[in-house]
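Two complexes follow with chain A in common, the first pairing it with chain B and the second with chain C.
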Partner chain A sequence: MKSNIIIVVIDDLIDERSPLVVKLNQEYEQVSIFNNSVEGLKFIKDNLDSKTIVILDLTLSGDDDNGHIVLEKIRANSFLIPVLIWTASDEKQEPFADFINNRAFAFIKQSRPVKDILKIVNEAAISLETDVASSLEDWLMAQPQTKDKPYMVAINGKSFTVEEMLNEIRMQSLIGKEFSYKLNKLTIDLLTRNKEKLDD
Partner chain B sequence: MINTIIACDSTDVTLGDFFLACATHAKSIFDKIPIMVLEIHSQHLNEINIGLKVSSLNHQNFIFAAYSHGGEDCLVVGATDPYVSNVLNHTIFNNGFIYTFSCSSGKTLGALLVNQGAKLFIGYNKVIYVILSEVAIFVECANEGLRILAFGGSVGEALAGMTEKYNYYIDALYFKDFFTASTLMENRDALVAHTGEGVDRDLLTF
Partner chain C sequence: MKWNFDVSTFKLLGRELITDKITALFELVKNCYDANADQVEVIYNNVSKIDDYSKIIIKDDGIGMSLYDIRYKWMIVGTNSKREQKISPSPYFRKVVGEKGVGRFAVEKLGSKLLIKTTQKGTSRKVCLELDWSVYERMSEDIAKNTPNKNTKLFTDIENDCWIEASDFDEQGTELIIYLSTSDQVWTELDINQAVKELSKLISPLKKSEFPFLITVKSNEFEQFKSKEITNKAIGFATEKIQLTSDLTKGTQETLIFDQGQLLVKSIELQNFGPINFELNYFNQDAKRLFKSNFKGGDIDGIKIYRDGVITTPFAESESKDVRKRDILGIDKRRYSGFFDKVSSQDLLGYIEITNQENPRIKDATNRQDFLDFPEYKALKEFIIYQIEQLEKYLTYIKDEKKSQVKTQLVTAENDIIKIERLLNQISEKSSPELKDDLKIVIKGVKGLKSSVNRGVRQFTSLQKEIVRKENIFMSLMSLQDYATELAHVVRTSLGKIIHYSEFFKTDFPNPAYEELFLEYAHSIFSEMSNLDKAIDFMLSYARSENDFETFDISSLIKKLLNVSYKHIFDKENIAVQIIANDSLNITHNKKFFEDIFENLITNSVKALAQTKDKIIKCSAIIEREKFVVYFSDNGYGIPEESKGKVFDIYYTTTNNSGGAGIGLFTVKKRIEALKGNIEIIESEFYPVGTTFKIELPFNQ
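Showing the complex of A and B:
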């Protein structure tokens, strides 16, 4: 069965016939290709409610932003989207500090065999499916509460709507990370009080 | 005779309804036993009123239950104005059994009030949260220790009962609403009690 994770490829030189795209289409229900970053970013923003992996070309043609800037723009919307930087250039020549800060999932040479690249995409998919923050994002999106009404209020006066909570989680802010931490802690609490057991 | 004060910021913008629900629930507990209750709500929650009322009761044991926002060294009304704090009136709570559902006041204020003569402070040492779709559960958990104390239970029993109540709802909820369950767990873990040095919590009752 194909995965319902959306694969977004932002690359000015790729099309449906590319071996990587052919392979991705065999494993993923939707592979969306964008030859410029503006359309790619718009698609990502419009689909924040879906699980998405981005394969981002580092060097886009013409006046288009380079991969560093595009990654930064993706991170302005969510840190939960795995972004695989894909490049023909030498990684040793490339500044990478911002890739770490903006949590790029991987840095892939385009010259690598398609099966290797696919393996990394699949690792990103597993990470996305098992990440606590992503699960929390899914759960919050399914909440029936009106999104602009406070859902959770701290007894210091600070309140959060579901929409604001989603944003904190996507931006992986301190409070967003705390939400995830609480869930991990709950799991440990239930295990230590023998309310749940780990599967063999 | 009045020997219990309920301080409630019932007109607070974000949580006034919740604080009022806590106060109403607390009152329903005291309705069942011979304890007279004086309520002080938002517009009267200030240093002067608290001073007047508490000073008239502190010659013997009394309960001071507070439902409002708080900070490490204060309880506040309207989320900003202290009505109990480390500088305003921390010395007047002799013989007080102070019970709060407010953020962080268990961190500094609780120990300070007990050092100045209060017999007990039960509160929370971190920022605590309420999920507005489950107010009734949060109210019940917030007041469980007060209920146990009011019915003659010891401080030790009140704390154990609160933990039990939180666990009951955590276990009942985690499968269908893990976020609320995790919030209750965090509140449970922020729960803190202060008593005088050497006091046996299993013997201390109201």
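Showing the complex of A and C:
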């Protein structure tokens, strides 16, 4: 069974015939390739309701933004999308502070065997599937919501529409994290007092 | 529950922050400065071979410490008492220079046991404290062997001996007695010499203080250091001496500017790094000799930064055995791209003065090897390099002036001699026979002189040419750093692809679903290998090239290539060739490189013209605004707009399928850049179809 996580590759020298993409296609339903960052970013934004993993080339050529800036732009929309930075150039010369602050998932040299790259992608996939925030995002996305009566989520006396709370979670703001934490606590509490069961 | 530390914390603080014993000594002497000392004695006793009397004593006459100070400041790790008080007490008001409060751990680097004796004025008590690091060492070994339990003694549990001795009422100062006991704590004469050298750089020669700071080094083993006073002598003998100041009230900073043969000082706005004072001394060969013979301890070793009159830590680090000096400002790095007209850090002695207050963003990095890479520090570096560049322009101008002066002088001398010869002949005609004989000898001598001078002039001219030729050869070879970077990048890119293709064979072969893919990968592996081969050839051509340089005219070469060498291809493909190349430019370079450039351009054009009806290749070589410009055009397929930025990238190719290797335009660009020239794609001469390359080459070839 192939995973339905969408792999987004932003790299100007890659196409569907590249070995990495062929191997990715063996395990993932959808691998979308973009040769420039503008189209790649648009796709990510349009697909925030799906689970995505991004493989981002550090040195997109020509006038295109470099990987540092693209990562920043992705993060302006969500902190929940794992972004794998990869590069052919010398990693020792690369500034990396912003990678940490913008929570890049991994940094990969392009010359590493496809097997290793795949392994890291799979790790990102597991992290995505089991991440509390991601699960929460899934759940919230599934809640019905209309303009007249938005589905509300309350925390600390304040009310948020599902949409607002989703954004807080995606940006990993204090409210978003607090909501996740409190919901977890509530769930664990209910479970351990046998008020609920963890079945599908 | 309370915080506590184990002994290794102690080691960590001291050893990791302070890399060698000279830096350690430096830190301790800095502390004396901060304590308003007028004089410091650094006494080396039996330091070259360890015995019971081996010790180093650092004794100052500063304000000293009280018992309170010892207990609540000295014995507290990482105290920030220095960070709060930026200025030493009245009336000295020295800007405090020992920053991180770990100087006391520097003593651990120097010896195994420390005895501090300190007293303040106005008391007859002298506080004494003994710290025995070997005890701590043994403890940490014990802890390493056994698991910690409630009886384990930690660093902060150890009691250190402390007592009071008598002192004079008016006496003040601190004495650090450091006992050496292990062989790695030994100091050789070379080490002491190095320490003396470094200590002399501690104080800026520019700062004239009301309360000067005097350091004396004494050694009981080495005659030359029996009692050596350390000073930073003012600089003499410089060929060029430049002083730039700044004015806070006016908000101005002085900077150099080379303009029409003169090196001028101009006032500009204060820069983002704050006001600085800068003294720059340049030494030519003769000046260096004079300096070295007069300042036996001195080195001409580049530019250093002083903060509040004391040297900053990145310039204080020294590798005493390894004479490598860190070129923090990057002065010598520039010389990789052409160094005949550039000065190195061995030609300059410079002092940059900053203050903690006005230049707060110039911060020493924690590892003390450099400054933190803030934009302000980058700007400071650029400012300094800019000053050096102005100096270089001036020096080059002087050199050229001298050259033409010498030549003029020689030619004038030659003309003068011809005049003398003529005059002598005139005199000879009107003279008596006896005089004629004498004059004959003189005239013969003058003739000999004339031919000597004439020879001199010709030799001078050809020597000039030879020097210029050699300089050009050197300068036009790709700089070593670029070379290494290019090679690494090229090889890694190709290798990366080959790794992935062959890995796929390994993991997925055989698989009928991928048959087409396997074929394609096999082909790609082959072409990547070929790319690698070509790339390495290209690199090697630089490694060997200096032997193949010759002087030739570019225009003639172009004409030959288009009219003769490639005629058969143009005829076969039915391509009309237009050449405009009447201006000439002689260059000294590797002819083959040039032929490669045109081979690439021609090959690309031929491919682009494959489907065109009336094929044209046009090449114009003209002189345009002091540059030699070549326009190379075809009316073929053209290059798509979005690719124009990428065509010179190393593996870009649109012609992959027709066997193009993709490395062509990359090599063209590199060759042209190595000539200090430029290549770009401009609007096609045959708009809306076709492509035009514009190549610019500067004239000083």
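In the analysis below, the second predicted complex is superposed on the first by the 175 of 200 C-alpha atoms of A that agree within 3 Å, B and C clash if a C-alpha of one lies under 4 Å from a C-alpha of the other, contacts with A are read in each partner's own complex, and residues count from 1 in each chain.
Note that a residue touches a chain if its C-beta (ideal position, glycine included) is under 8 Å from a C-beta of that chain, and two chains touch if they have at least 3 such contacts.
None of the values given here were measured: they were computed from a predicted structure.
**Q** Looking at the overlay, does A:N156 come into contact with chain B only (first), chain C only (second), both, or neither?
**A** After superposing on A, A:N156 lies in contact with chain B but is clear of chain C.
**Q** Quick one: is A:K185 in contact with chain B, with chain C, with both, or with neither? Answer first, second, both or neither.
**A** Once the two structures are laid over each other on A, A:K185 reaches chain B alone.
**Q** Could you say whether A:W139 touches chain B, chain C, both of them, or neither, answering first, second, both or neither?
**A** first
**Q** Is A:V114 contacted by the first partner chain B, the second partner chain C, both or neither?
**A** second
**Q** Once the two structures are superposed, pull the chain A residues common to the chain B and chain C interfaces.
**A** On chain A, the chain B and chain C contacts do not overlap at all.
**Q** Which residues of chain A touch chain C in their complex?
**A** Residue list for chain A touching chain C: 12-13, 17-20, 22-23, 61-63, 88-90, 109-115.
**Q** Using the touch definition from the top, list the residues of chain C that touch chain A in their complex.
**A** Contacts found on chain C: 485, 488-489, 492-493, 495-496, 499-501, 503-504, 507-508, 514, 517, 520-521, 642, 645-646, 649, 651.
**Q** Can you name the residues of chain B that touch chain A in the complex?
**A** So the residues of chain B in touch with chain A come to 12, 14-15, 18, 69-71, 79, 101-104, 124, 127-133, 167, 170-171, 174, 178-179, 181-183, 185-186.
**Q** Please name which positions on chain A make contact with chain B in the complex.
**A** These residues of chain A touch chain B: 136, 139-140, 145, 149-159, 179, 182-183, 185-186, 189-190, 193, 195.
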